[in-house]
Amino acid sequence: MSYERTIWEKIADNLRSRSMWMLHYCTGCGAVELPPSMTSRFDMERLGMGPMATPRQADIFLITGYLSVKTLRRVIYTYEQMPDPKYVVGFGSCTINGGIYYDSYATINRVDYYIPVDLYIAGCMPRPEAIFEAFTELMRMIRKGEAIGWKKYKENYEWYKQNQLKSLGEVYVHDEFHE
Amino acid sequence: MEKSFFAPVKAWKFLFEKPVTIKVPKEKRKASERYRGFHINDWDKCIGCGTCSKVCPTDAIQMVEVPVLEKKFGEKPQRPSIDYGRCSFCAMCVDICTTGSLQMTREYVHLSSQPEAFIFVPTEKGIKNVENVEIGWIKDEDSELLELERVEMEMIEAEERVKSFIEYVKGYSKEQAIHEAARCVECGICTDRCPEHMDIPEYIKSIWLDDLEEGLRWLYKTNPLSSVCGRVCTHRCEEVCAISNRGEAVAIRWLKRYIVDNVPSEDYMKILNFNPKPKEERIAIVGSGPAGLSAAYFLATMGYKVDIFESLAKPGGVMRYGIPRYRLPDEALDKDIALIQALGVRIFTNTTIGKDIKLEELKEKYDAIFVSTGFTLGRSTGVPGTDHPKVVQALPLLKDIRDYLRGEAPKPEIPETLVVIGGGNVAMDVARSVARLQKMEYGKVNVKLACLERNFEEMPADMEEIIEGKEEGVEFYPGWGPIRIMIEKDEIKGVEFQKCLEVFDSDGKFNPKFDANNKMILQGDMVVEAIGQAPDYSYLPEEIKSKLQFIRGRILTNEYRQTDIPWLFAGGDIVNGPDIIHGVADGYWAARGIDDYLSSKERS
Amino acid sequence: MMNSMNDLLEELKKLFGNFEVQEIDEREVKIDVESDKVVGILTTLKSKGYSHLSLLTCVDWINENKFELIYILYSWQNGCKFIVATWIERKNPKFVTVMNLWPVARFYEREIHEFFGVEFEGNDDMKPLILELWDDIPPLRKDFDPLEYSKKKFPGRQYDKDVIQEALIFRGDKNG
């Protein structure tokens, strides 16, 4: 699952993999695994990664667990705001097939139906160690040019949009407190 | 407190300390000892009961058919698959696993860009396909979700029960029954094992819901002799019960008895609400044992007119004349027979086919005939002295005892000391019945039981019969074969035995070997031979007999118990044996076979 | 039950007639009252110190075909709780607002309207509070099937892998 890259793209990918800014979308239980990952216990900065405050500067997007219908709209907003290339990591069962919320009226069942996911981590939730394994794996994938979710999103934009509309009705966020 | 000027300098000491950071992923960290990681499943232990799948709160476990697994009793050819897109690692599947085959490891890292990597069927090698995976979560007493011990059945103490023939198993109370029913995991493995495929999980569930009427409907859907089977069934179901892999099987038999005992017999017809369309065809049944009664019931519920012919004075066959009263009281049997009669089945007692009516005559009057005449002739060891009048056969003795207890026959002669030869349930029945008579007559028990089988496990009798018999004072001598009956002045003094070294040869054939130097004498003034029974086909005319095929004394039939003569069906001991529930199953299949036969005849 | 609560109950009974009382613990009591007396009782309780509406919620009793509305009032003076429950019809459920007593009730009532479909007369703000673009019957009603809704709206994953084949290879019963 790799694509043809020019030599410059290869070099760029190599460099990208060494400096990743992550946007951790902490609406799921997986959020609690990130503080130990970021702080001195496991120290994420060793890998050249750090948290980023805004989507427009971020490279990787962590979906840390279940997404409710409401948060999915914000996730899609956020994902579309991120510049290419962008990578998505799904944490735990919920992002793969609904997890323990598989029969909830308010949460979606699989994330890759709405936005492409580059890497999944099994667990409920995955431990920081598993998250680190995932980050190194993601770096490898970026270097090899295998993390191409962002390309898929462009190529199959119609399909993703149609799924988003099917489950959400409307992706646009209406919010009485901000309108 | 005044701080030292040099205090900040202390911070430099951390220069020489090891950093707290754990350098994953270079450094691998072990999960804690009881970590709930990915699953492994020992396929050889797993029985595919599906309890894990049922308990899973996230519906992550699906049972998948495994075509290569051979089909056998006590196991379903399926294994659990686990979806890590669902699993929440709660370990309830491990805690409820009936065999303990499903376990969780200390592995916790699994990633993939492909979602397909997150469903798998756990094997002994876990998700990473490695040998000797480290086990994490192990269930303990607190996390165990099964109740492994059965609710104890109250029984009358041995000293007390041996004084009379009253039924010594008391039966469950409502609380006990509901408690026992709650142990069932509804896997249905028992249903596959039961010869009659009774809906065991369904009726146990209705006990749990305290809906006995529903339970009764489930029982009588497949078993018209539920009242009898609830007491004396050989309960093959309990042998395979999923719970029995680690604990005591659910007391399926006693639960069945609880339903029939606690629904008044007057209400049966109302609850069961039979509404058959009457049919013209008439069917004769020879013999009113389990198979005969069962066939009659199923045929009657289909709307046929059924007549049963019984040579003895009361219907029931072995249930009336063989099984002792302390295990199966007449009232329990009468309850089942009354229901069958209420369906319009007529029972002609004291009518022997071949003597009072010829089979050919029956053929003239009826459209189909079902024979279930059972094994009525005793087998003899044939050792010298067995022709003595006080060497008797088991079945006639048991019949005499039951007739006497009903007040229909004089008291049989009660020996002061008795030797029983045989190791099956019939031998137990004789030993325990005579023990009771001795206790009533002489105040003490002196019954000795000898058999070829070398230990209690080898003996064909149920273990509980042996244990209970022992409690009642029966002495057991397993591993001895009789040589001769010792007779002095026409009086029996005892039996001489020689040690039995081997009962079956390496091919599994009955071929006992003896040690002629190792001998023993058991004193006794009466001997009962209970080494098996044989069928009596004298009622079959030669012309019919010649058309039938016999395999080791049993009539060969097809799946629907149809013999080579289309209108003649057979069942019970003369076809399958060896117990009541097999007879009931024969009756059920024969009823379907007869129905097929008659409706196809009508069409042509 | 504390004496003050007992006295208050007696007073309420004098004013509003008899009702069912269920003591939950020393400082908590539940009363079941007819729906037309609820506002009166709540007003009285509020004036007697039970001034904090700590919860307004609803229970769907589908077999009885009723909704149960539950008001939990808390007194900051003695730390006691009064739970006032009333039953309303499940079909076209309507009740009166208590916004005039507790302005915060606006949001509780919006929530109950959203999740059970109960109308509160006098509360003109019945916009959905939590869900966005909801398109089915109110989701906390017992006749709503969340699994079915989830399957319809949010497709689950269909795995194509031959898991048995893989397991057999793992076990060495088959060669990969």
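Letters A, B and C mark the chains as written, and numbering starts fresh at 1 in each.
Throughout what follows, a residue touches a chain if its C-beta (ideal position, glycine included) is under 8 Å from a C-beta of that chain, and two chains touch if they have at least 3 such contacts.
The structure displayed is predicted, hence computed values, not measured ones.
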Q: Please flag the chain sitting at the greatest distance from chain C, going by CA centroids.
A: B
Q) Quick check: more C-beta contact pairs in A-B or A-C? A) A-B
Q: Provide the C-alpha centroid distance between chain B and chain C, rounded to the nearest whole angstrom.
A: 51
Q) What is the distance, in whole Å, between the centres of chain A and chain B, each centre taken as the mean of its C-alpha atoms? A) 57
Q: Please work out the Cα centroid separation of chain A and chain C, and write it as a whole number of Å.
A: 36
**Q.** Residues of chain C whose C-beta touches two or more other chains
**A.** 157
**Q.** Where chain B touches two or more other chains at once, by residue number
**A.** 83, 85, 115
Q | Multi-chain contact residues (two or more partners), chain A | A | 96-98, 102-103, 110
Q | Residues of chain A touching chain C in the complex | A | 69-70, 73, 96-98, 102-110, 113, 166-170, 174, 176
Q: Under the touch definition given earlier, write down the residues of chain C that touch chain B in their complex.
A: 157, 159-161, 163-164, 166-168, 170-171, 173
Q: Spell out the part of chain A that touches chain B in their complex, as residue ranges.
A: 1, 40-43, 46, 93, 96-100, 102-103, 110, 112, 117-124, 126-130, 132-134, 136-137, 141, 146-147
Q. What residues on chain B touch chain A, complex-wise?
A. 19-25, 29, 38, 57-60, 83-89, 108-113, 115, 117-118
(Q) Applying the document's contact rule, which stretches of chain C touch chain A when the two form their complex? (A) 127, 130-133, 135-136, 139, 144, 146-147, 149-150, 153-157
